[in-house]
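The chains carry the letters A, B, C and D, assigned in the order they are written, with residues numbered from 1 in each.
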Amino acid sequence: MSLSREQMAEIVARDIPDGAYVNLGIGQPTLVADYLRPGSGVVLHTENGMLGMGPPATGDEVDPDLTNAGKQPVTERPGAAYFHHADSFAMMRGGHLDVCVMGAFQVSAAGDLANWSTGAPDAIPAVGGAMDLAIGARQVFVMMSLFARDGSSKLVPECTYPLTGRACVSRVYTDVATFAIEPGGVRIVETFGISDEELINKTGIPLVPSPFA
Amino acid sequence: MSLSREQMAEIVARDIPDGAYVNLGIGQPTLVADYLRPGSGVVLHTENGMLGMGPPATGDEVDPDLTNAGKQPVTERPGAAYFHHADSFAMMRGGHLDVCVMGAFQVSAAGDLANWSTGAPDAIPAVGGAMDLAIGARQVFVMMSLFARDGSSKLVPECTYPLTGRACVSRVYTDVATFAIEPGGVRIVETFGISDEELINKTGIPLVPSPFA
Amino acid sequence: MTASIMSAADAVAAVRDGDTVLVGGFGMAGMPVDLIDALIEYGATGLTIVSNNAGNGDTGLAALLAAGRVRKVVCSFPRQADSWVFDRLYRDGRIELELVPQGNLAERMRAAGAGIGAFFSPTGVGTPLAEGKESRVIDGREYVLEYPIRGDVALIRAHVADRTGNLVYRKTARNFGPVMATAATVTIAQVSRIVEPGELDPEAVVTPAIYVDRLVLP
Amino acid sequence: MTASIMSAADAVAAVRDGDTVLVGGFGMAGMPVDLIDALIEYGATGLTIVSNNAGNGDTGLAALLAAGRVRKVVCSFPRQADSWVFDRLYRDGRIELELVPQGNLAERMRAAGAGIGAFFSPTGVGTPLAEGKESRVIDGREYVLEYPIRGDVALIRAHVADRTGNLVYRKTARNFGPVMATAATVTIAQVSRIVEPGELDPEAVVTPAIYVDRLVLP
């Protein structure tokens, strides 16, 4: 009964307000675009210098000068605007984006985000725009499976992986539950085939049950 | 035998290299534009957001949306570009202008500039872009009469007026002499009807005589 | 959110007593005259005005000052041949002035819009305007630490907007508009014309719609 | 001075051994391929390369790295599916890496071009990339002090130039070009076309000619 990636994307899309300016991170978060209601007026930002990004380009639409942050060809919507990298990151860092959606290795109960490095000693580090997005957007949504391959929870009391940003995540969308990180603690918003008790046991966090459970 | 303002402007223009990017301050320095050789390729910057400023606008050319830093209507040359104030001052502060020409109340032997306030207790202070220009342009030329109405020299051992910028002036063009401010001291470049001795006496600065005197 | 098209009167109702209001323009070029007139009419008071100048003649900003609505002016060049309204208020001690070099004024608003906490500027070092400010020598050059200037509301004038709020300007009327638009919680742009999304060249948009909340036609 | 139109070979002769070279592009979009090829041919060595990525496949930046010309890379995202040249050099300890968050990378070059001595950035606070850096709490938020990144030479790609050096870009190929152009002593732009002054709309110029020294056609 756990959710597919597409179902998770649909749930994230549901929580994005009409007319919001949104950055969808590389990978799984790009799926969210498919579930934005036509006419929602949501405007997509890509950190390599564009507002008003459209769907992936196919066939003749492919233009090597028009790509998203994952370097894949995309299209342009009416009302788009281009700007350079310093302006694009000023927009992010200045708190003008309403929402960004990112993947994660770990999220802590305090909303700390770890999504750029596993800290493995031989890994080649790469951070891209993740740290700028983490501290920049008004709301940072994380989309991830709740459990790693070894069964351990990726929502954790404290991150053990190197941080991307501190106390920046507001919502965590997983395949088995959605969490809200709030001043009073981590609240279970919704569950998909898992009990509150199991979530509390596996995350090791004193989760606040959903009032609608 | 001292120079008119027009003659001073002509001498300043002579010292502006072909192709230079130049900001001419409000007032007397704007006269310099009249003496730039056609075909010199000198490009005029105005800090309110333009490169490629042309001569003053007259008659039908007048456009309230196209003014210089003195808020007078001007024209646009082919190859002009417009930009906003933060970009315009980044250009100045970042050292990209080759020359700026400003008026002054006082210039010190060390190249300190005072041109924004006489320090009078009841004066309403106003600084505009003078401090940004003073520290920004690669070379700051000052154009002024050497002597104030009371006969005192405006080229001084130390400024008594509040500073606009420290050690920023490289050349001082006056009605009776031109001075170069150099690491070794202030050198007399050229005189117009005044002796080196009189200059040394009146300025109180151990001026280095011109080798061509 | 996509910009809303409103009357000047409705738009300036975003201003509350005590707000900091960024006002575009360099002299009359880029001055949002209709928005200032609406603000005078509206009556918010105790304002801090951030603008390059402090009003000319008896209209616009000068009229706002004359109406006693302004507690403080942050600007680079208050003193002009026709700035008698400001001059009188200032001499009478009835208005506060923070004098900021023009480039620091622009950069401090840019910092606010860009999420920069503070920056070391070379402008003003060794002058009375740097007195009391933290300074530091970096790579052999002295700098003064400058902090962001944020606005509650920005009143700017642009040339053409599209319906979503993208803006283009005209010539040197661009001046402070684009940077003020980034630095305020609510940005109100007075424009000459509003077109459909897609009618402005996306390569030539100067202020992306993300920075614009309200559009006002003449 | 007005930009000079040159061959790629002549243009990149501005690069000296040991220089810091800013290289535009985000992936292939905006990558000045001809200039990089000319730089490989030219042979300058001991370079520090500042670019978003550290080369893809076996051409362009990767080929420059493979030729052993690069001492250090300053970038935000070296590790990619096809970054094997960098990966090998890095694992072998034959190349130095300074990893910089993408926004700090852009802003540090902007600071260099804008004469800012240093700035407090919120990006990276509390992460390993802020370790050892000065930090400060301003208005209740923590920031890290970041310094300018200056280039001796910038190699960028734009779309159309006019003869004086004004540049426009195409879509997201704009990326780092405009900010790198401001941050280097010598800026070399590879463009698709050069037109006469006056043919580019002055409202739409992205990089004013003052930042451009050399123009190279394909």
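Operating definition for what follows: a contact is a pair of C-beta atoms (placed from the backbone, for glycine too) under 8 Å apart; a residue touches a chain by one contact, two chains touch by 3 or more.
Quantities reported herein were computed from a predicted structural model and do not represent experimental measurements.
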Mutual neighbours - chains that touch subunit A and subunit D alike: C
Longest centre-to-centre distance from subunit A, chain (CA-based): B
B-C or A-C - the one linked by more C-beta pairs in contact: B-C
Geometric centre distance via CA averages, subunit C-subunit A, whole Å: 34
Centre-of-Cα separation between subunit C and subunit B, whole angstrom: 28
Centre-of-Cα separation between subunit D and subunit C, whole angstrom: 33
Inter-chain centre distance, subunit A versus subunit B - centres from mean C-alpha coordinates, in Å: 54
Residues of subunit A whose C-beta touches two or more other chains: 76, 82-83, 90, 92-93, 135-136
Residues of subunit C whose C-beta touches two or more other chains: 107, 110, 114-116, 121-122, 169-171, 202-203, 206
Chain contact topology (line, ring, star, complete or other): other
Touching pairs - complete list by chain label: A-C, A-D, B-C, B-D, C-D
Touch list for subunit B against partner subunit D, complex: 17-21, 41, 43, 45, 51-52, 76-83, 90-98, 135-136
Residues of subunit B touching subunit C in the complex: 46-50, 63-67, 71, 76, 82-86, 88-90, 92-93, 112, 117, 122-132, 135-136, 162-166
In the complex with subunit D, residue positions of subunit C that touch it: 107, 111, 114-122, 136, 138-139, 141, 143, 147, 168-171, 201-204, 206
For the subunit D and subunit B complex, residues of the former touching the latter: 1-2, 110, 112-116, 162-164, 166, 182, 196-198, 200, 202-203, 205, 208-211
Complex interface listing, subunit D residues touching subunit A: 26-30, 76-80, 83, 86-87, 90-91, 97, 99-107, 109-110, 121-129, 169-179, 206
